[in-house]
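What follows is a structure written as structure tokens; I'll ask about it next.
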Amino acid sequence: MELNHETLLDIHRRMVRIRTFETEAGKLAEAGKIPGALHLYVGQEAIASGIMAHLSNEDWITSTHRGHGHLIAKGGEFGKMFAELFGRATGYCKGKGGSMHISNMELGMLGANGIVGAGPPIAVGAAFSIKYRNNKNVAVTFFGDGASNEGSFHEAANMAALYKLPMLFVCENNGYGEYTPQANHQAIVDVADRAAGYGMPGVVVDGMDAVAVYEAADAAIERAKAGDGPSLLECKTYRFFDHVGVRGMGLSYRTDEELAEWQKRDPIHMFESRLAELDVLSKDDAVKIHEDVLAEVQAGIEFAESSPMPDPATLLEDVYA
Amino acid sequence: MELNHETLLDIHRRMVRIRTFETEAGKLAEAGKIPGALHLYVGQEAIASGIMAHLSNEDWITSTHRGHGHLIAKGGEFGKMFAELFGRATGYCKGKGGSMHISNMELGMLGANGIVGAGPPIAVGAAFSIKYRNNKNVAVTFFGDGASNEGSFHEAANMAALYKLPMLFVCENNGYGEYTPQANHQAIVDVADRAAGYGMPGVVVDGMDAVAVYEAADAAIERAKAGDGPSLLECKTYRFFDHVGVRGMGLSYRTDEELAEWQKRDPIHMFESRLAELDVLSKDDAVKIHEDVLAEVQAGIEFAESSPMPDPATLLEDVYA
Amino acid sequence: MADERELTYIGAVAEASRTVLLEQENAFIAGEDVAGAGGVFGSYRGILDEFGDQRIVDTPISEEGIIGLGVGAAATGLRPIVDIMFMDFMGECMDEIANQMAKMRYMFGGSASLPITVITMSGGGINMAAQHSQSLEAWICHLPGLKVVAPSTAYDVKGLIISASRDDNPVFVVLNKLSLRNRGHVPEESYTVPLGEANVVREGSDVSIVTYSRMVGESMTAADTLSENGIEAEVLDLRSLQPMDTEAIVESVKKTQRVVVVHEAVRFGGLGGEIAAQIQEDAFDYLDAPVARVGAPFSPVPFSPVLEQAYIPNAGRIVTEVNELLNAA
Amino acid sequence: MADERELTYIGAVAEASRTVLLEQENAFIAGEDVAGAGGVFGSYRGILDEFGDQRIVDTPISEEGIIGLGVGAAATGLRPIVDIMFMDFMGECMDEIANQMAKMRYMFGGSASLPITVITMSGGGINMAAQHSQSLEAWICHLPGLKVVAPSTAYDVKGLIISASRDDNPVFVVLNKLSLRNRGHVPEESYTVPLGEANVVREGSDVSIVTYSRMVGESMTAADTLSENGIEAEVLDLRSLQPMDTEAIVESVKKTQRVVVVHEAVRFGGLGGEIAAQIQEDAFDYLDAPVARVGAPFSPVPFSPVLEQAYIPNAGRIVTEVNELLNAA
């Protein structure tokens, strides 16, 4: 598959946007400036970016507790996102959701989710909607290796395959569910092996390689749109930060060496080398993009910080339509 | 595998006991003499019998709403069983459980269950117990094709494989979940295909052939006892009666031809022909066994019918230990 | 009214479902055995033939998946009716109910709407034992974001299902198993019974009986018995449990000054506690006696008919409670 | 008592767990990240090193499987302690809780015992938003077959966990997130706090505040404020919610004649309704004013700190409620 330059640059930009947002969010969190818990996406950028490059606002996604990356890749604005993390009235959810529930219906983003495994059944509903209306869209559900052990994943996968829904199950296998390594939560190595049990194809993808993700998604989306049903893409990846925040609770559940090994395959570095090789983006231009995005992130933080807190009088609004 | 005569006769007897009990229970149900709903096991006898022939009272099983067959094969007494179905004080559960909760701890039978899919997680606990104590026993969980779509099955299968528990997952695939054919509830043909996704072997067995079931269970139990973990046995079978009762609600969700086709492979008839061929049991002796068992069933019914109803004063007993 | 059109309680479900599918092109029904079998009790009989398998969908036995299907479809513009056969099975899908369906709109700052109708059944009396006989409405009424109704008559079944389906919020319609064959007047045309409005089904001046679902019938029987002894009970059928028509309850209590709250659910932690608490908060000075409660005792629902009969509240127990209340005051 | 030994609330969980594993060879602990990580808040720190991975077991993220593991292991003779990190996640395992764990003994006619301790956490205040901040004890207290405790102090945490683990029934120990770092006296030796017994933590004559879990602390603060204005509140820490020490509640109310019930859970359908109903049933003639209730308003728990603060009941709101109550009477 030959990717055109525009697409490559688009994927790159999404990755940089995620990395920069998350890095700055991480700093703010460590500085105690963001209430609650932040689950950061640094290291996994290739997945959201490679997949979202295929999607429009009419395609639906469900996300996880580690959801910023998905929203950014889907077009989320930094200002409204930071405002939400800060609990401001101008946030995507008016401050009612926070990091774990950040969402935007107009962008087709059905929410981060504080409940591990809750997304897949909801994505089944979104895919059902698409099929019901005969739209040519897809629904994509992102979930972790840990989440693949929740019954909700199982029920959703079976239903999606049964109804041949236009849907992708994207397992972001970063090797850990919180502090538990995959080998201590399932006896299999490839979550993709579960696909056959539902009657859908399962593919293992290098989740650090945005092009590999893009291409695997392309095939799966084509299949979905042709009415042949869902696919399971397992993207092998790694989170560079801790489960929560940047350094987290300082538990020694993984080694520095392991982290260093994975960091050698940093999805953005690898992608930028490739783009340089292909003469799509020079190292200098890449730096420029990082700087531009950082400025945009900083503007977003400023917007958020100068935004008002929600009026306590709005507490009981939005419970019912 | 050479089966000795004793074992063959033992399996035969279990099957006849189930068939006779269920047939008479069905008649009583149709006559309005049994309160509540009865889910009868007729047609599936080879499965419970072939597996239970391996088990002692120290091996645990969990059952389903279609649970009489499992309890009978595990050694359940007709009198106490009928008494339970009739809601009498002398029943296995003092009349508090009824058909859907019939159980006996001494026989290692952790209950029929009114909740589809609730058994597998409980069996995981029983298998954990066995392993914890270093006993050389196994836990067996029976469940239907329909139940294989519940998240609880998924979670249990993953945990059992992860911990290498001494356990068997026995899927009794009778082709229907209530009135929904398998093709309308899952996109796969063999539930056994799900096993690989947990890291356990999955085997398809002819569930109408008690010897095939016995042999498959033998291998799986050996594996479990050796500490190599659980297996999934999918037994292809058919229920000769309706989902509830004998004729059920008269819905036309399956054809008479389909039923007739399966009845040609009646597990008891097939087994008796085989036993006759092998000179293990003559047709006449088989008839005698049926008669003896029927007499025993009738005595059980009499015991039940002449048993007292529970004293309403016992209503609030047994809630807490 | 000899020639009033009658339907059974369950027949009203089918008619309401049909009406909703005719009125709303984005409405569809999903659940276990709803399509081919028409529902295990016949709630959806005929729908498949009339509307086809795009509008009525058999699902696997996957309650969490079913509710998720409803949540996702509703958030993206459809108007699902999802069927959870027995409310006992909510245990299998409480996360999608409590953490997704009930909260999505709020967590999203109001940007999502969830026009879902969940149809399910409660109650005992048909010897289905502990896991098929519960009345668990207290669980869902405690969850901001949900609405809950519990009709007692065929008329209310149809009107409340139609109201639920037009509402842009998740609404649980909790039917009652033992009422399925009850017949009652049901107009052929489409109509609504408003959510949140109680119904005085019998006027009386001596005592109020506040109740819902099948216990309305038991309360009416009790009221007849009481009336023979010169006690005129007012019977209030709440119909909606969330929102609850506290105003109507308080108005009745102010009139009668004595009240018994009746439900089939376990008494401890049941809605009766909430209702009693509200009554004494809002009408303390009117009360001549404590608010009394009738509910199931503290045990699972037993199987044996003799035990189940001793377990489920009935007219006799309501009469006893009213008599005690009147003697105490 | 300057040299009284002190532990944090969360430290008491670890110490209690250790005590139980030492005392009962059939006890083990299972849950998400309990072993290697020692619990996400450190509840089980050190247990793995001391007891090994047979006695403390990390599980997959499979709540229904975890509870099932507990039920099956308990029914077959072990004494599991299972950890469900946050009680919000009960939605994922309500079936195994409500239909299996709570009912198995009864359905089996008393032949099975289920000595399971479930440790979980409730409450907001740490900006974890709608799905990680709930107080859902009303769900489980409505289920015959379960016991439920909700300790407010480190002392009670240890004593109640040890009691729970010795009980032959399923007991939920509902901890509170915001209390984890609170320090308090905890004896080193093994001791029990009996299930079902409330604790008068402050004596007073003017009003009773009936509460549990973290709201005990808020109520004590409120009592101090009230005391400055000459109002002496009696504060009753229920500790056990199921069974509930109705006797102690009624005794206190008979003394003070006025009562506020306080919990962090949503007010509508919360346990406060049950408690209020019981109080007016048992002490109607002693009440000078309606039983008042303080609880969370009818919305999901919001994320934004300003909203969350407006949401969660606190000492200020309790003071206001008491003052209104006293003025009304």
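For reference, chains read A, B, C and D in written order, and residue numbers begin at 1 within each chain.
Quick note on the criterion: contacts are C-beta pairs under 8 Å (C-beta built on N, C-alpha and C of every residue); 3 or more make two chains touch, one makes a residue touch a chain.
Keep in mind that what you see is a predicted model, and the values were worked out from it rather than measured.
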| request: Tell me, please, which chain's centre (mean of its C-alpha atoms) is farthest from the centre of chain D? | output: B
| query | Which integer distance in Å separates the CA centroid of chain A from that of chain C? | reply | 40
| message | On a C-alpha centroid basis, what's the spacing between chain A and chain B, in Å? | response | 45
| message | So the centre of each chain is just the mean of its C-alpha atoms; given that, what is the distance between chain B and chain C in Å? | response | 36
| Multi-chain contact residues (two or more partners), chain D | 59-60, 62-65, 88-89, 91-92, 95-96, 99, 106-107, 129-131, 144-145, 298-300, 302-303
| Residues of chain A that touch two or more other chains: which are they? | 93, 95-97, 101, 113-115, 149-152, 154-155, 158, 162, 184-186, 319
| task | Could you draw the chains as nodes, link the ones that touch, and say if you get a line, ring, star, complete or other? | result | complete
| field | Touching residues on chain A, where the partner in the complex is chain C | value | 60, 62, 91-97, 101, 103-106, 110-111, 113-115, 118, 120-130, 132-133, 139, 151-152, 154-156, 158-159, 162-163, 317-321
| remark: The answer for chain B against chain A in the complex is residues 149-155, 158, 161-162, 164, 184-188, 193-200, 229
| said: Per the contact definition, I'd like the list of chain A residues that touch chain D in the complex. | reply: 35-37, 87-88, 93, 95-98, 100-101, 113-117, 146-147, 149-152, 177-180, 184-186, 249, 251, 253, 309-310, 312, 314-316, 319
| message | Help me check something: in the complex, which residues belonging to chain D touch chain A? | response | 32-33, 36-38, 40, 58-65, 88-89, 91-92, 126-132, 297-300, 302-307, 309-311
| message | Help me check something: in the complex, which residues belonging to chain C touch chain D? | response | 88-92, 94-99, 102-103, 106-107, 129-131, 136, 138-139, 141-145, 242, 265-266, 268-278, 280-281, 284, 287, 289-293, 298-300, 302-303
